[in-house]
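Below: a set of structures, written as structure tokens.
Shared between the two complexes below is chain A, which pairs with chain B and chain C, respectively.
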Partner chain A sequence: MDYYIAIASIIGIHTLLGLSVYLVAISGQMSFGQQGFFAIGAYLAGMSTALWGIGLLPALALGAVVAGLMGFVVGFPALRVRGLYLAIATYGFGEIVRLAFLNVRYTRTIGDRVVGPNGAEGFRHVRYVFDRGFTGAQYLAIILAALVVVIVLYYLLERSKLGAKVRAVEEDETAAATVGINVTQVKVLAFAAAGAVAGLGGGLFVHYSTYIDHDMVALPLAIAAVTYPLLGGLGSFVGPILGAVVLVGLTEGLRALHELREFVYGALIILTMIFRPRGIVDEALVLRVKTWFQPRAARPSGPGAVGVPAEPMVRP
Partner chain B sequence: MFFDAAEQFINGVMYGSLYALIGGGFTILFGVMRRFNMAYGATIMAAAYVSLVPLYLFRAPFWLMVLTGLAAAILIGLLVEFCCFRFIKKGHELAPLVATIGMLIAITEAIVHATDAAGLKYPSPFGDESLELGRFLVRPDYLAVLVAGVLCFTLIFLLLYKTRLGRAMRAVAERPEAAQILGVSVQRVNVLTFVLTSALAGVIGFFAAVSVGSARPDIAAFVTGKGLVVMVLGGLGSLPGAIVGGLVLGVLEFQATWFLGASYRDILAFLILFVILVFRPRGLLGARTT
Partner chain C sequence: MRRMTGLQVIALAVALLLVPAWAVAFQNEGTLRIGGMWALSGGAAFFGKAALGLGTLAVDEINEAGGVTVGGKKVKLTMHPQDDACNAEQGLAAVRRLATVDKVLFSLGPTCSSVAEPVFGTLQKKLGDAGDTGLQLLFFTDTATKFGLAKLSPWVFRNTPDEPAMYDFIVKYLKENRPELKTVMVSYESDFAHSAATWKGALEPALKKHGYHQVVEVVDWKWLDTEMGAQVTKLRRANADVYFALAHTTSMCPSLKEMKSQRVKPKLIFGITSLAGTEVLLNCPDLAEGVVSPTNFAPINARAKQIADKSWEKYKADSNIHSVPAYENVHLIKGLIEKAGLTNTEDTLLQDRRKVRDLLAKVGTFQGVIGKITLNPEDHPVKPRDVDKDMLLVQVKSAKWTVFWAPPHLKQN
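Showing the complex of A and B:
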């Protein structure tokens, strides 16, 4: 049972990271740097509980808010570059954060333990959750509660006018600007909110693992974070959730295959991209599902009509 | 003081030519196909491992090691092209990126399983004695990297500007549809681009492993990081830009090591990257077009 709780906790945390990349992606930007916000959230929330004696919830909030502010700050220079350039610029930001934490020493000896970020040795003994006697299941509940809050916010965003603006900016910046959408505002807001979501994930992670170091927020984490939404699909927030569940689940579920595991994992990613290049939950699928829930009379009909995919529709 | 700076400058230029080669590999592929190959770092890393095989079997000379790595890299490159690029529909730039991430995972796993994850010792065939060049002391493997860099880039430029294939590659890079209409097989050019960049990966793998002193799985992440920086520093898709970007990065890193200490060196590299991207997004030598 503990094993499944552990997997579910990791899935929850990685889903937040995937949702963070997704939010930036649907504003037409590609970020390889969300692990930097994850690291900021993790280190700050960890220092809050382990060094400053703040409670868990304010600590998580502080990590998320500061990561969000950093997202706001990074969002402005990010406006000047796009596409692959932006991906690499944000990767540069992520590496700057990582290397900064490689050099930060801010420790205090509590009891017989050295607590706090300690350069290359990492940040040990973030023991708040264990000292308070939380069980794995209880902490999983906290992770899931945070995740549900974030998902509800995403759901509301995607049904709101702001959500439509974000999608418009993704589709065509110039056209969005001509109909009066403030492109700068939308993009920077997306970066700030995405930073906060990744920071929340980082805070939850450091209290789950009690430990974090600079190696854990390097290129592999950036790659994982980007893979979740791109594999799961950019059509809806369901995409990154599905991506994280499938990929983290596969990592564990394929353990029985031992040596072949990573090959199957890699092969599945490649095959998904060949058959569904926009991810599993792509825009066409989202449109199709949406029409199922519309009253029959309101349904647009005929191939090519708005909201109707060109190929014949399969009724549920 | 001035002498130290000059010596570090020379080291930076020599080591920077390794960065230039890495950036060149990423740049050629991006320039021709407008796609990004995340498995390139893994190809380089795998080539470094395979090039050890003839050394372990019999004490092979270094050129045989380079050739073995080169052949292995070409095979892997063809595999990457077949799996991650050929069958993906047009108009999806991000799909090959994700697919090559899948390939990166698979290649890394293959290497980790075939060896142990800790890495294998990679003896330098150029000896450990520093060479004296005038008043300066120079590491022989750095000097070899410089020679290899000059040689490789000369060959690449000859290929690009003096052969039919090179002309076809430049045509596809410029405008693939127009090239296709004029009878250039885009498919064939893509495959040959993969062969070319993978052969380069074989050379890079050898010198990267020599300079680190061992063949290690994390070489993949190292060269991917440096490759991205160099590519952007010089200007995406610009080969002269990649050379300049590589040399600049090498010189800056060596000066920073001497100035600030090794732990701040990498921060400086990425800060410069970030600043250049924001204030001069087309890179040092990039074209003005968006």
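Showing the complex of A and C:
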């Protein structure tokens, strides 16, 4: 059972990372730097419990808040660039954070342990969870509780005016600005909230693994984080959850295939991009599902109605 | 019949893939499970596959000789390898799979120190304390070399190189035997825990301690980098007598190629411990000509040659500094299993692990493939549960590793 709890824990943590990228993506931006916020959350939350003796929940909150503030700061310069340039700029931010932690040495000897970030040696002994007798299932419950809180907030966002503004900015920034939406505010808020979510994931991760180093928050994590919403879909917050479940599940399930695993991932992503360019849970699927829950009389019926494909355009 | 949607197919596939092979084992079935987690894919797979091959060779030898005696009955060892791909998160899942799904008595591996750090960190720290919910799984590691890893948990024992001692010896050897070589330059892989630790924790302290050599340049790159033009230019300008290339084959070969094109020719090149295997000979034998590397294994006696030939013939597994310990560890544990009075049932697995662990802690000196090995006791002040063993220096000559230096008692074999 412990093994499945471990996989569920990893999926939960990676889902937070995927949801972080998703929030930035639905505001029309693409970030390859969410692993930087994840690292900030991980190191800060780890230092809080292992060095400063703070409890787990305040430590997680501190990591998330500081990562969120960093997201707020990063959000402003991010406004000046778009598309591929933004992707590179955000990746640059992730690298700055990673290299900063590569050089941070802030250790204390506690008993027989040297605890704290120790440059390239990494940050060992974040053993709050194990030293206090948490079982794997109990820690999974904490991860899932955090995930549920985030999902509820996303659910409320997607049904709020602010959520509509975020989607409008993604669709067409200029049009959104024309109708009075403060694009700067929406984008910066998205970055800040996404930073906090990634930071929360990082805090949960370091207490799960007891260890973190700069190499664990490098490019492969950035790619994984972006892949979850792209594969799972950008139509709803369900997309990144599905992406994390499928990809982490495949990583574990196909362990015996060794190198062939990479081939399976690659093929899966290529096929998804060809047949469902907005991911598995795209906007069309979301609308179709929504209609299932509507009274029959209220369902759209004619061509071109919401959730119903329009009639093919006849070109002269 | 209703057709399945794409989503349903994916969900079903993931669910099926996560289901383990149905567990049948232990005393009643006449088997005893041992495990290993190595990098069997990815950039470090050469080492992982080699260790798996040597561990499996030991299992084969034991089973061909009748198996291991448990409770008066001969049972066969079965090997349960897991691939961690040199990735920390995959390692964290693999260790739980070994402990709770495969239900192994002990595990070999992991390959990478960066995986060993979190994996060992999640093991029980306070032995026998119910309040410490860390995993209770015995590791007898063959490869992960970073100094100090065995201190992370009393469930960790290692038969791995003692790099601080090795580089201390090399620096002393150079000072005494090649006093004309006074300047040193160094390269290491900043993103590879083992490489960075070899520089910071082994070579740099040794150079400072002996105080003879002047370090004129230190450069770094990443272990999967293939372009080192700028770094090699710095090394060319430094033009030191001795070059310590603390890099694995993946970055070693491209860096040596760049050195050749920039005509950088130090008088002596020393590699990292992990270099002393076949991988570098397969990838860039000409470029590596003359490189010296510290190691704990070379086929210098009949038994070592036989094991190296057999492992290559059966599993295409390279016998090297990291893989041969997997062979030694399985043979050592086999003897302990027979002494420990195991019951070898699923219900008593935790007690069985503890019994073997406690015996391993008291082993002291045992016979390795090329010489005696001493497993330090738990109260050792510097490196508890780590080994002391003979070291050699080997050098690439005509695309083969040859002995550059060996202690006198090993030369006699």
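Simple rule for what comes next: the second predicted complex is superposed on the first by the 304 of 316 C-alpha atoms of A that agree within 3 Å, B and C clash if a C-alpha of one lies under 4 Å from a C-alpha of the other, contacts with A are read in each partner's own complex, and residues count from 1 in each chain.
Please note the rule applied: a residue touches a chain if its C-beta (ideal position, glycine included) is under 8 Å from a C-beta of that chain, and two chains touch if they have at least 3 such contacts.
None of these values were measured; they are calculated from a predicted model.
Chemist: When the two structures are superposed on chain A, do chain B and chain C clash or fit side by side?
Modeler: clash
Chemist: Using the superposition on chain A described above, determine whether A:102 touches chain B (first), chain C (second), both, or neither.
Modeler: Both: A:102 reaches chain B and chain C.
Chemist: Quick check on the superposed pair: does A:250 touch chain B, chain C, both, or neither? Answer first, second, both or neither.
Modeler: second
Chemist: Quick one: is A:270 in contact with chain B, with chain C, with both, or with neither? Answer first, second, both or neither.
Modeler: A:270 contacts chain B only, not chain C.
Chemist: Mind working out whether A:223 is in touch with chain B, chain C, both or neither, as first, second, both or neither?
Modeler: A:223: touches chain B, not chain C.
Chemist: Can A:259 be said to touch chain B (first), chain C (second), both, or neither?
Modeler: both
Chemist: Tell me which of chain B and chain C touches more residues of chain A.
Modeler: Result: the larger residue contact count on chain A belongs to C.
Chemist: Touch test for A:81: chain B only (first), chain C only (second), both, or neither?
Modeler: The answer is first: A:81 touches chain B but not chain C.
Chemist: So in the superposed three-chain picture, is A:231 touching just chain B, just chain C, both, or none of them (first/second/both/neither)?
Modeler: Only chain B; A:231 stays clear of chain C.
Chemist: Superposition on A: which chain B stretch among 59-67, 95-103, 113-121 or 167-175 collides with chain C?
Modeler: The segment of chain B occupying space taken by chain C is 113-121.
Chemist: Could you list which residues of chain A make contact with chain B in one structure and with chain C in the other?
Modeler: Residues 102, 218, 220, 259, 261-262 of chain A touch both chain B and chain C.
Chemist: Could you please specify the touching residues of chain C with respect to chain A in the complex?
Modeler: Residue list for chain C touching chain A: 6-7, 10, 13-14, 16-18, 20, 40-42, 45, 82-83, 85, 87-90, 92-94, 96-97, 99-101, 114, 117-118, 121-122, 124-125, 130-135, 151-152, 190-193, 196-197, 200.
Chemist: Contact residues on chain B for chain A in the complex?
Modeler: Per the touch definition, chain B meets chain A at residues 30, 36, 38, 83-84, 87-89, 92, 94-99, 101-106, 108-110, 113, 221, 224-225, 228-229, 231-232, 236, 263-264, 266-267, 270-271, 273-274, 277-279, 281.
Chemist: What residues on chain A touch chain B, complex-wise?
Modeler: Listed in rising order, the residues of chain A that touch chain B are 30, 77, 80-81, 84-85, 88-89, 91-93, 95-96, 99-100, 102-103, 218-220, 223, 226-227, 230-231, 259, 261-263, 265-270, 273-274, 277-278.
Chemist: Residue numbers of chain A touching chain C in their complex, please.
Modeler: The touching residues are 1-7, 10, 102, 112, 119-122, 124-127, 129-136, 208-211, 213-216, 218, 220, 242, 245-246, 249-256, 258-259, 261-262, 280.
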